[in-house]
């Protein structure tokens, strides 16, 4: 079973706002990349020491600092202090078991989103916490592990595709969220394919192993839905917040993103319903198959039992059994036995038991 | 299984607002028809090149441009640019997996609606995305494939039936939506008939195939409900939006349409409940039938087993078995066996097992 | 199965507001009665031609025109035109598949209510649409078939019982709704009695036929609930509408009526829960009974099988079987067989299988 | 089954506001008691004729008229007229099938509450309607039968315990409601004990009778919840009504009472969930027990069937059966049979079927 | 079963506001500790007589009086009177069956929270009521039994860790609530581990005992959820109350705490769903296993029954049975029997019954 709150007990008794990493430690050294751009200029570098990226803050460009790996608490704290983050925000960045949320601290907006991955081999949905901080002219993003989800965004910035270079920081934050949400569709698609395979298996060859699969995929869907449900509210709040950090041009894109999350939730719910349906059909398929077996076997037994009785009767050793001495006795016995079995077969067929 | 989001992965990593067709490519060349009318005049033509229809814009008439086929992205882009549509709207028109929605862009209103079709042969509900854009004096409608749903509306315009010629563009948009919603009732009726057949089958001849049918129709109803549920909100929003594009005379018709969608949703929910009911009754019918079979067979076996035992006893080869030498021994054995079976039958009948 | 939207396809493609009758055609000629009264005067007549009733409109009296039968569309249209009804209202009156609703057209209020009847023979709830139009000083009511539901109201007006003669048109409309809602209690009571019978049957003699009955009554309860649920909103809206047509003295009575509808909904929901409960208990009763049968039969078989084996052993024809030659061999065999069966019986009883 | 609306049909067709008793007629003569008190004075008497109690109205004291028995309609009407009650209120007092409600008539507040009793013998929850009218300086309470629920309140007034003598009429009304709600906890406790017994029975000795008990207690819990649910709203409305009749000092007590009703509802819901759980566990206990029986019996049969076959083989009468003539043939047959049965037992044990 | 309202009947008939202890009496003598601190000073003592702690009230410091044990009613009353608490608050402190709530009495805020403990041995969640009173410059906390939950808070105050010494009384109240809520995660984690063990057991060795475990853990989860659900509202109300007692700096911490409660509720709901899933899988595992057993046994029986019949036939004692005299008769009989059994095995294998 997925460990839902495995790290919680680590934190019991600590003062709130204590920045302690809760979660799996993923890579040895956090990788920090800095991208800063405006309409005309573009700069990208991997930052060795965090202090480097504070130098390059330029009010006219948009700076995007992406941190892969949140287990080195001191780095987070340095960045946090530099950008004036609230201690609770720093705590939440490293404590990677938050639920998706949006918090408006006036001078910046803090967003927590879950990035999902569907592992094809184990059919398990793994989740990673992404923290996005949207400030005036800068976006900070924190991932647990190095991944390729944001590569598309990087590519669009590099190649100056679409409106990303000309739009402001809030559009960049939107683009990051959009690429995360797009990933959800991929996960949904894979779950969908898994369900299709399950449905076909169920019809062709319903084995008990399907039950475990249904139970597992159901848990994944519950988990997925639980990750997306608060996201809906997050995007809605961001959309409706009249924060000056969210530029007007971004709002219409947020509405679009909101529609996407609704679609994901609805699909997840449809999948849940379909899973229940598969479960029901599986159970009665198994029951039908079993019934079929039992019925056939029982019918065979039922036909032979009276015959065996008759054979038993003429195996009795009474002195005076007139049938035994008849010339055609043996043939008569066979005739009776065949007649009994044929009439039983006819009766069963009429009753539609065969 | 219906592919819920089959095209989503195609789009991962693209800039939002990129107009790329997601969906099945249906016909070779989109068909564009232009109808423009006012109280007195009426003009209808099939447009060969899209530029043609931009010439004929006349502020006093209502222009309706209907595009069948949204896979030729350049056509959509040309129209979109001409009418000043937002890139996201153009994206949504060609990306035919939107959920029904209504977006007010002040200078025009964008509506996405699902048009449903019930395929009698496969009993599958197919869906097509219809995009309607209501602007001042014009209505654009985009269908995925050429269909006859809007023929009634065309007919009413041609023949100047009802109020359509004298009412404005918003009434035309309403008329289009109304014809789509009317179609939902047809789909519902067919589902209803399917359920009736299923119910009768279930009573007369409950075979395992019914299970698949129930599972399938349940999925169709879930799908239908999912298409109509947001439509309710769409029409409500259109009704309550105080957009000047929605003329006052249209509002009362929208309220009526709203009632229709509510009725569709309620009927769909009733059907879902009835489907569950059929499932329950089917399952216990099967179980009853099976029980009946097993009981009868087991009773037959149970009656013969003691008889076979008695026959076996007198088939034993002991030297000293006094019964075997009795003159009436054989008859006595038969008598006992008949008595046992009769008394068992009486007992079973008293216990109401027969 | 109840045909939920049987007439919908008849209407596909017609212009909204087209007054076409959808529903069963019930009686050959609509019967129109006119009652007009004030505190002191009272007049009642059956109207032959509709024009008659337009003459007698008197601002000081309350006029109640009741039409039994809505299939003669021209009559409805004449009345509609005379009283200035909106085409959609006229359409809804004759299209008898509306859901209950209340529409305030300022100069009049349009109410749609379902009148229910429980058919004792078939145990089916039949429904009839009643349209009530409340205008200044007049009430129009349209029933599908001639019925006696409003007779009590007529009687109270005739005999000047209660406050009806002194109160205005809105009180009359309330009285009509009240008599319809009172009827719901009668239907509920009959369903309740049906459930009581079902419950007793289930305990005394659970046959598969009960399953069909449960399925059917469940469908009726779903249908009833679906009719009453929107009624709640209708009365609430009427109560809260600040329309001058609803006199203040009527409001307190509407609140009372609202309580009644809530009570009906709650009872319907309780009945649904009880029906589910009966279903559950039925299913496990059947299962228990079946188990009982199978257990007894299997025990009988199980006891005789080892005995038959022993008889079989001593029926073997080996040359050298010392037991066969013993003097007390036969008795010993019987003793062993009796001992085996007795010890099995004791064992089964100890295990509480008997 | 509890008759949910047994008296409704009695009322069909009567004018609203007609004061006719609906419910069981409980005691021969209503008992009317009058208590009037202020901080210093206290007077209590049983009133023979209702007119008596109208004399003693004193603006500075609080008067509490309690009527046990509402079947003598004329008494209710006299009191109603004296205190200026609305006809619908009088109707609701005697028509004892109201749902709990609160109605503010400005000059007085009308409250309907259900008083519940758990009958230990039949395990049925019986209900009685209590009507409370809170006016300026007086409280009227109407019970269906004479009971002891209000004795505690009487005692506190008599002995001048707590704040009751110094607080006003609204506090008295609160105290009455509080004593009714306190009684709900008693009912809940008894249901809880019943469930505990049921749970133990289920584990120790699951008999089909438990099923009936579960069905019954479930119905009682549904009924209880249905009585308390509207009460929540009643108290909330009373609390929030800014009626001058509800003194400020009483409001904090009403909030406390509100918390109690929430607690009752939650406990009822927990009980419902637990009942479902017991049902589930019962069903699978029964199924487990049955499976156990069938498995054991089938294993016995399965072991003996091959043995019987072998015995049958050597009971055949072929001329040339070499085994029959062997000296150790009989012993060999036994050896084979023992080996077969032992190996089957080992196999079954390995498969964990034993 | 957990006794849900065991003490309620003790209180029936008492005047509201009567301070009587309802709950288990836990320790012999309540232990009162007083901690008072500001940025620079810190004082901690165990108070012998309650009067002691009233002396040390100093407007500039924060005083925290913690009472372990609420069964000595006179102590609660003395403290209550000293701090001007409402009688209902004193009643609720000692009546330890409140649901979590927040009441704003302007001069102080009263909070009731449930502290949960998971007993590893019995797998039962035990609950303790903690009352917190937040006044200007002081916090009172009442626990039922002496526990170590607040030790972390005490430690932080002593060691001047975090912001607790510099923040005000509302931060202390928050810190107490936070330590209680942190404990919930521990309980959830233990339930999660229990579920994991259950899930593994279910797959490896599904015994009927699991059923009892599922039923029990389900009840615990229902109970947990019921304790946390109102807590959500409590913290939300505290957060939104514009009481001057809640300092602005505390509000952001309360929002964080609110998120935690939401997370607890969601996890509890996920656990409930998973529990249902385990139940379903368990039931069909058992059913599968049983079917497997029955099928195998029935197949064995079915194969031998025709063979036994054949053996029976040639055990008959007819005079004229030509097969008996054939030289190869016996061998032929065996051949037929082997052929029958082999062909049945092939048939069963083809039908996938084996």
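Things to note:
As written, the chains take the letters A, B, C, D and E, and residue 1 is the first residue of each chain.
Note that in this section a residue touches a chain if its C-beta (ideal position, glycine included) is under 8 Å from a C-beta of that chain, and two chains touch if they have at least 3 such contacts.
Worth saying up front: this structure is predicted, and the values here are computed from it rather than measured.
Fitting subunit C to subunit E on CA positions gives a rotation angle of 145°, reported to the nearest 5.
Averaging Cα coordinates per chain places subunit C and subunit D 26 Å apart.
Subunit A and subunit D have CA centres that are 42 Å apart. Across the assembly, subunit D contributes residues 294, 298, 301, 305, 308, 312, 315-317, 321 that each touch 2 or more other chains.
Shown here, the protein chains touch around one cycle, each chain meeting exactly two partners.
Remark: ring traversal beginning at subunit B, heading first to subunit C, gives the chain order B, C, D, E, A.
Per the touch definition, subunit B reaches subunit A in the complex via residues 1, 3-6, 8-9, 11-18, 86, 88, 92, 97-99, 101, 103, 208, 211-212, 215, 218-219, 222-223, 226, 279, 283, 286, 290, 293-294, 297-298, 300-301, 304-305, 307-308, 311-312, 314-317, 321, 323-330, 333. Looking at the complex, you find that subunit E touches subunit A at residues 151-152, 155-156, 161-164, 174-175, 178-179, 182-183, 185-186, 188-189, 192, 195-196, 199, 203, 252-253, 255-256, 259, 262-263, 266-267, 270-271, 273-274, 277-278, 280-281, 284-285, 287-288, 291, 294-295, 298-299, 301-302, 305-306, 308-309, 312-313, 315-321, 351, 353.
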